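Common to both upcoming complexes is subunit A, partnered first by subunit B, then by subunit C.
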Partner chain A sequence: MIRVDDLTVSFGRGDARFVAVNQASFDVAANSAFGLVGESGSGKSTLLRALCGLVPVESGTFDLESDKKPQMVFQDPFGSLHPRQTVDQALREPLLIHGVSDQEPRIHQIMENVGLSPTLRFRYPHQLSGGQRQRVAIARALVLEPDILLLDEPTSALDVSVQAEILNLFKDLKEQRNLTYIMVSHDLAVVSFLCDAIAVMKDGRIVEQLSRDRFAAQDAIDPYTNSLFQAYQ
Partner chain B sequence: MTGSIIKAQDLTVTFPSPQGPQSVVDKVSFQLGPEKLGIVGESGSGKSMTARAVLGLVPTPGRVTATTLSYRDNNLLTMPATQLRKLRGAKLSMILQDPKFSLNPVMRVGDQIAESVRLHQDADRRTSREKALEILARVQIANPDRVYGLYAHEISGGMGQRIMIAMMIAAKPDVLIADEPTSALDVTIRGQILQLLDDLIGEQGTSLIFISHDLNLVAKYCDRILVMYRGSVVETLDAQNLHASQHPYTKGLLDSLPRLDDTRTRLPVLDRSVL
Partner chain C sequence: MTEPTATFREWLSAADPASRAQAQAQEIYRAALALAANPLTLIGGLIVLALLLTALFAPVLTIYAPNDQDLANRLAPSSSLHLLGTDELGRDIFSRIVHGARLTLYIVIVVALTAAPAGLAIGATAGYLGGVTETILMRITDIFLAFPKLILALAFVAALGAGLNSAILAIALTAWPPIARIARAEALVIRQSDFIAAVRLMGASDARIIFRHVVPLCVPSVIVRITLDMAGIILIAAGLGFLGLGAQPPAPEWGAMVSKGREFLTDQWWIATYPGIAIFIVSMGFNLLGDGLRDVLDPREATR
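On to the complex of A and B.
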């Protein structure tokens, strides 16, 4: 179980202080998927980055209840993969850094798990399709066998047919590897498809939390959540 | 078709490659009347390149050929470059996805609109400035005097797109090509921008080519839709009939979209072998 309590992240000081995440609190059950939705600037990505240690937390606490670091998957795999590293190098690097010995079987296994053909192993990112690149980014996040994956708009740069493949893959991997997800997305349908519970963010605050059933039924109380549902129509 | 403004017959765009010329747009034919025509397809389907070919903006070494490519009976293929450039500013305009790249970063946005007024409406500096302020108000910018003096990096995506539309109002184009004009925007802003585009089109009688990867959006917003796949138009249909499409590609794309109240636990994956 992940517990986040009164988490606050701010940038700048004095008059220039900007509170990006304002006292966010939520729990995520183990092996479930939690969605964060909101418009750009609502603080959803910053919250995700704080959980990964990419931005400093000002106050509040979070407990991931895992002795392994969470891993992150970003929106644009072209930007997150090194252009001069082959798939093999990209997957091997985290293993080298963490001193993992059984590299060969791990790389083999993870490529198979994310649906990457072994023939792609020595290709560079520009020689892969968008979907294949995102599979490499997912494989790289999973190769250290984390318990938690943080997903920042993981399918919004992909064509819808490829998005469907990647969403199915996330569902499979969650069961196979007993993963817990926190996913940020602006796409309500994508979040609804993958997540068990959803928090709606606005101006750094969580304005409402809904179960997937209530989210799917558009059964919201907060006027802002309702305005998002309306815009989705 | 009577009243067709743009006619394209067998429009083809090829790029050289080590394997010989590759067609990224392959014998595309369509006519644009006084309507909102949507072009949908995945990345690489040739939808943007089709639009660029109409405007004569295919980058080198691309080659454009067609049996017919005309704007109101003017042959766009044989038109001299200077004349085409004039036509492009005045009659055929384009709005791109990200206004940050289309606006001049070292020129105040108000001056850019004023420049557009001056060029297209033959106004002097003072009148063009006043017109620019008027237009800013028309695109629902709350404080035109303040916004006039801002630079591209100081404005939000939604405001940038309003300013692009403001420049279009100044130019009063006959045909507007909008390439993913709202893809970089939040859904709540998207509605406002589309409404604004609608008003502009309605008032000035502009025809619109709306390029998007978002099938639902195009179905709601446009009158007619071309579905493109691998450089070809695979289907042309009325927007209201999109969801009833029986074409395997169109149907496959629609099926692969998750829905808010989806009861499916897996999404169907497009079977490209049947295409």
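On to the complex of A and C.
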């Protein structure tokens, strides 16, 4: 289980200080998916980056209860792959860093798991489609077998048909590999498809947390959450 | 250049490369095709190739040794015996220019192999790490950059003594700062990208990120810059030679040849002119090649 307590992240000092995440607290059950929704600038992506150490935490604590570092899948599948590295290099790099010996079978296995044809193994990112690139990014995040996967709008840069494929892949991988997800999105349909619990963020604060059922029924108390639901219709 | 066989060309354009080597060969092949598509680049490339071949086969291409004197036949104009005439000691100018290509190429290669990696490492480290490291490294770079190239080279040559190797050292010491600045600018952009964040999450060390992930992306603009700088480097080397501070007599260095020929410029114009033309052609060749490389390699220009 993931436990986040009063987490605050800010940038700048003095008058220029900007609080991106303000005392966020939430729990995520093991092998479940937790959604963070809100408009751009609400601090949801910053919160995600703080949980994996890409952004320093100012105050508060979080406990991921995992020996392995969480891995992340990014929004733009082109920007998250090194333009001069083949699929093989991208997937081999984490194994090299951690000195894993059985690299060949692991690369084959993970490519099969995320639905990438072996013929794509020595292609560069510019020779892949958007969906294929995102599958490579997912494979790279999973090749070290993490317990927690952080998803930063992982489908928003993809075509609608490809979005559905990737979302189904996330759903399958979660069961197969006993993963826990924290996903950031502004697409309420994507969140309600994948997530078991959802937190709504506004101006760095979590204004409301909802179960999947209440989220699907649009049964919110907070006026901002209701305005999000209305805007989405 | 040999025409690739059909099967080799298929291997180079196959949609699904079967190995990393094939994938890399395909990238180079695509870049080479794009380079050859521009006629000016092709000319520049051919000039540089000609310089390479001339330097490599200098003894085969010439009848006379570059330092063979024939005082009875000094200051002779172009003839069937001496294609470009002879100088004040009766040495064959064609032979000296051809052998001088070796000196020019030697200077260019040594400078490129020392200044480019040094500038790349310093700039990429400064740009990626930022903070105090960046401040220290870039202020050192600024100090070197503040000196006019030729003046700094003159100071080094004065301190180390005249000679080809001190000229090369002086040129290399003035050639790396612009490279470092370019590499830093690239690294500043690259460090913000998601693929660097991803490799940090994997637990990669700073050194690994800099040299395996940041540096390869800085290399194209560094190659472009050093190629364009080659013209200036050749001119500085020739300038030092002209002032008598570079290669020492009797070495057939082009700048020194121009300097000697200056005394006879009014009556025996060919002594100074032909090495001058050689300097001009080679400098232009590097410039044309550099422009073409920029069109192909610069990530801001590239469409792929």
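Following the convention adopted for this analysis, the second predicted complex is superposed on the first by the 233 of 233 C-alpha atoms of A that agree within 3 Å, B and C clash if a C-alpha of one lies under 4 Å from a C-alpha of the other, contacts with A are read in each partner's own complex, and residues count from 1 in each chain.
Criterion: a residue touches a chain if its C-beta (ideal position, glycine included) is under 8 Å from a C-beta of that chain, and two chains touch if they have at least 3 such contacts.
Small disclaimer: the values here were computed from a predicted structure and weren't measured.
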Superposed partners subunit B and subunit C on subunit A - clash or fit: fit
Which superposed partner A:His98 touches (first subunit B, second subunit C, both, neither): second
Which superposed partner A:Leu48 touches (first subunit B, second subunit C, both, neither): neither
Greater subunit A contact set [subunit C / subunit B]: C
Which of subunit B and subunit C A:Gln89 touches, first, second, both or neither: second
Contacts of A:Ser80 with subunit B and subunit C, given as first, second, both or neither: second
Subunit B versus subunit C as contact partner of A:Val4, first or second or both or neither: neither
Contacts of A:Ile138 with subunit B and subunit C, given as first, second, both or neither: neither
Subunit B versus subunit C as contact partner of A:Leu149, first or second or both or neither: neither
Contacts of A:Ala231 with subunit B and subunit C, given as first, second, both or neither: first
Subunit B and subunit C, minimum CA distance [Å, superposed model]: 11
Residues of subunit B defined as touching subunit A within the complex: 42-43, 157, 186-188, 190-191, 213, 215, 252-253, 256-262, 265-270
Contact set on subunit A toward subunit B in their complex: 39-40, 130, 159-161, 163-165, 167-168, 171, 186, 188-190, 192-193, 215-218, 227-229, 231-232
Subunit A residues within the subunit C interface of the complex: 49, 52-54, 69-72, 74-76, 79-84, 86, 88-89, 93-94, 97-98, 119-120, 122-124, 126-127, 137, 140-141, 144
Of subunit C, residues touching subunit A in the complex: 15-20, 22-23, 27, 193-195, 197-204, 208, 212-213, 216-217, 299, 304
